[in-house]
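Note that chain A is present in both complexes that follow, paired respectively with chain B and with chain C.
Our next item is the complex of A and B:
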């Protein structure tokens, strides 16, 4: 058997790292769209419309039971077909990033809606009442009083969701999307399966760095936003 | 100035308010008394639309509205004229004492920040907390928090301030400082509706006492009449039960 090549492990980094941007594009895009979708779901769950409530709960439940890879395939193969037959639009040539972000947005929205919902519920309703009682409109009360505090509560769990999203995101290579993992796969196959150990180890190290970075980032944001929690 | 007529409110099967009328004139300090579960707090919350009455009419100066079918615009109008002091203070936890007071001015009424800070500091001075302006609620005692709550209410210069058991959540030793602030406001002629269990305080500040039981007003009148010469049997038993306990406290 060929011995482990430390040299290859070092050399593979500069080849992999340019694809970090693709991985981060998925994460950032999904955080953006997924948070909007998650917010809407949370709003539906907390709202007074029974129908919306049920739909949002059902959605969350179904997504929870769906493996990410299944969802990815359903979106990648199903969505173009759906668009072609129902909407008469051809989206087969769209960038793969488009399908990846849609898939992970659908996936991410479910847990994030729960994170947002519980954070919203953690803020005592009395503060909202106090805000409207001194003349703020319900929207102003929500944006100035409830939302800033709920955000702080949500941050640690939101951070966890982002980290698991980042790791789930590595599945995108299965539809041929070239991100870090996709590039790693290519390197391994170009070497006829050799240097797999070195390549994956390099990927593991990159993901380790990413995760540590994310954790630090969320910790920093959380500390910045929770000044008011420090008691005298 | 403020007249509420015939309020009904039901939670599920429980009828909490069964046709309550209340009238508040400018400069009045109306104290609402009654055993727990008599609907005092619900009445107050309905008056600020924190709770939606099932039926009732409200006249506020020239505005008159149906309290059940009220629009959010009308609610906004009433809330611009009133303020509420809560039992458990409900301060904005993410804002300093001063910001708690100025938010209603800046966000709610569009007053420029420098002017709002000026008004806010005056309000905090009035409750004796100017030196705590930059403190967060978690850094203040219960009594101080409630005084900030009162400052927040007076800063918006409401026509009426509604107090919902302002001292019930406080340690006994902190009750005094809050009552002193409210007494001062009464002296200045502020119009207030106060739900409380502090009988001595009620007798001191009230211009008008309303006694409620089982969702109805049993008796109302000047404090001397109610405390010394109550007419209704229900009022008498309530006072008999409450007043001897007061003596221990004093």
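Our next item is the complex of A and C:
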């Protein structure tokens, strides 16, 4: 067996790192669209429409039971066919990033809606009533009083969801999207399977730094957001 | 949209036939990981400095910080050739490349679950009051007896919801075993889809299959939690 090449491990980093942007594009895009979708789901769950409530709960349950890769394949193979046959538009040549973000948005919305819902419920309803009673409109009460407090409560769980999204995002290479892992696989196959261990170890170290960095970032944001709480 | 219903139904049976593989990939790693996870949890709960704490924490951080695909790729690229080299070095006449790839899948998922389960157990043991252990020792139980009869039953009730999550995530994670050419639900669907490019139907079958398995797992955990927590519930009344 060939000995482990430390030199290759070092050399492979500069080749892999440019593809960090692709990985982060998936994460950032999904956080943006997924948070909007998750917010809508949370609103449906907390709202008074029975039908919306049931639908949102069913959606969350189904997504909880769906492996990311299966959803990714369904979207990647199903969406173009659906668009071609029903909407009569050809999206077969769309960038793969488009399909990846759609899949992960569908996945991310469910846990995030739960995070948002529990954070909203953690805020005493009296806060809202007090705000409305001193003359704020319901929207103002929500945006100025409830939302800032709920955000602080939601941040740790939201951070966890983002970290697991980032790890699930690594599956995008299975549909041919070239992110960190996709590039890693290309490097491995270009070397005919040699240096696989070194390449994967480099990827593991990059992901480790990403998750630890993300954890630190969310801790910092949380402290920043709760500075008023500490002062009180 | 045109869906090939005959294919949809036929493939569903093929997918169902692969359910045992998915279950094996879930249950065997869970059972195999339990003793190791238990040990790691106890090491990390110990007070003071211990020689083992650093490597054990590093292991848990590594597993939790990297995607499971990467863990699969790493082990599947390393382990067979490593084992082969070992077999040759010790001059055993065994060809490791003939082994069923499910063997490697067991190893990957076990290594993964050891770290995740140890975190679940750690938080569960941490939630049981310290006085319980002291009281048990005062009453004359040995440390092992105290853990087995006093702490473990209480910790398990607390751990149940997290264990349920862990199991559901593992069931979903087994869908990646096809990367190691294991013929699980996802793999057989993929193969039968590739004949006529019926990917949507095949993946819809897999999708339904996972929903059914995960639902059953969640119902089982619900009953287990109710059963194990029956003393706690009666106390509250």
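List of remarks:
Operating definition for what follows: the second predicted complex is superposed on the first by the 230 of 232 C-alpha atoms of A that agree within 3 Å, B and C clash if a C-alpha of one lies under 4 Å from a C-alpha of the other, contacts with A are read in each partner's own complex, and residues count from 1 in each chain.
The rule is simple: a contact is a pair of C-beta atoms (placed from the backbone, for glycine too) under 8 Å apart; a residue touches a chain by one contact, two chains touch by 3 or more.
Everything quoted here is computed from the prediction, not taken from an experiment.
In the superposition on chain A, A:28 contacts neither chain B nor chain C.
Touch criterion met: A:200 reaches chain C, while chain B stays clear of it.
Once the two complexes are overlaid on the shared chain, A:138 sits against chain B while remaining clear of chain C.
Counted by residues of chain A touched, the larger count belongs to C, out of chain B and chain C.
When the two complexes are overlaid on their common chain A, residue A:126 makes contact with chain B while staying clear of chain C.
Using the contact criterion defined above for the overlaid structures, shared-chain residue A:67 touches chain C, although it does not reach chain B. Chain A has no residue lying at the interface with chain B in one structure and with chain C in the other. Touching chain B in their complex are the following residues of chain A: 124, 126-127, 129-138, 140, 144-145, 148-149, 152, 227-232.
Chain contact summary for the complex, chain A toward chain C: residues 1, 62, 64-71, 73-74, 77-78, 81-82, 85-86, 166-171, 173, 181, 185, 188, 193, 196-197, 200-201, 203-204, 207-208, 211-212. The residues of chain C lying in touch with chain A in their complex are 1-2, 61-62, 64-71, 73-74, 77-78, 81-82, 84-85, 168, 172-173, 175-176, 186, 199-200, 203-204, 206-207, 210-211, 213-215.
Contacts from chain B toward chain A in the complex involve residues 48, 50, 72, 76, 79-80, 82-84, 86, 88, 90-96, 103-104, 107-109, 135-139, 149, 152-153, 156.
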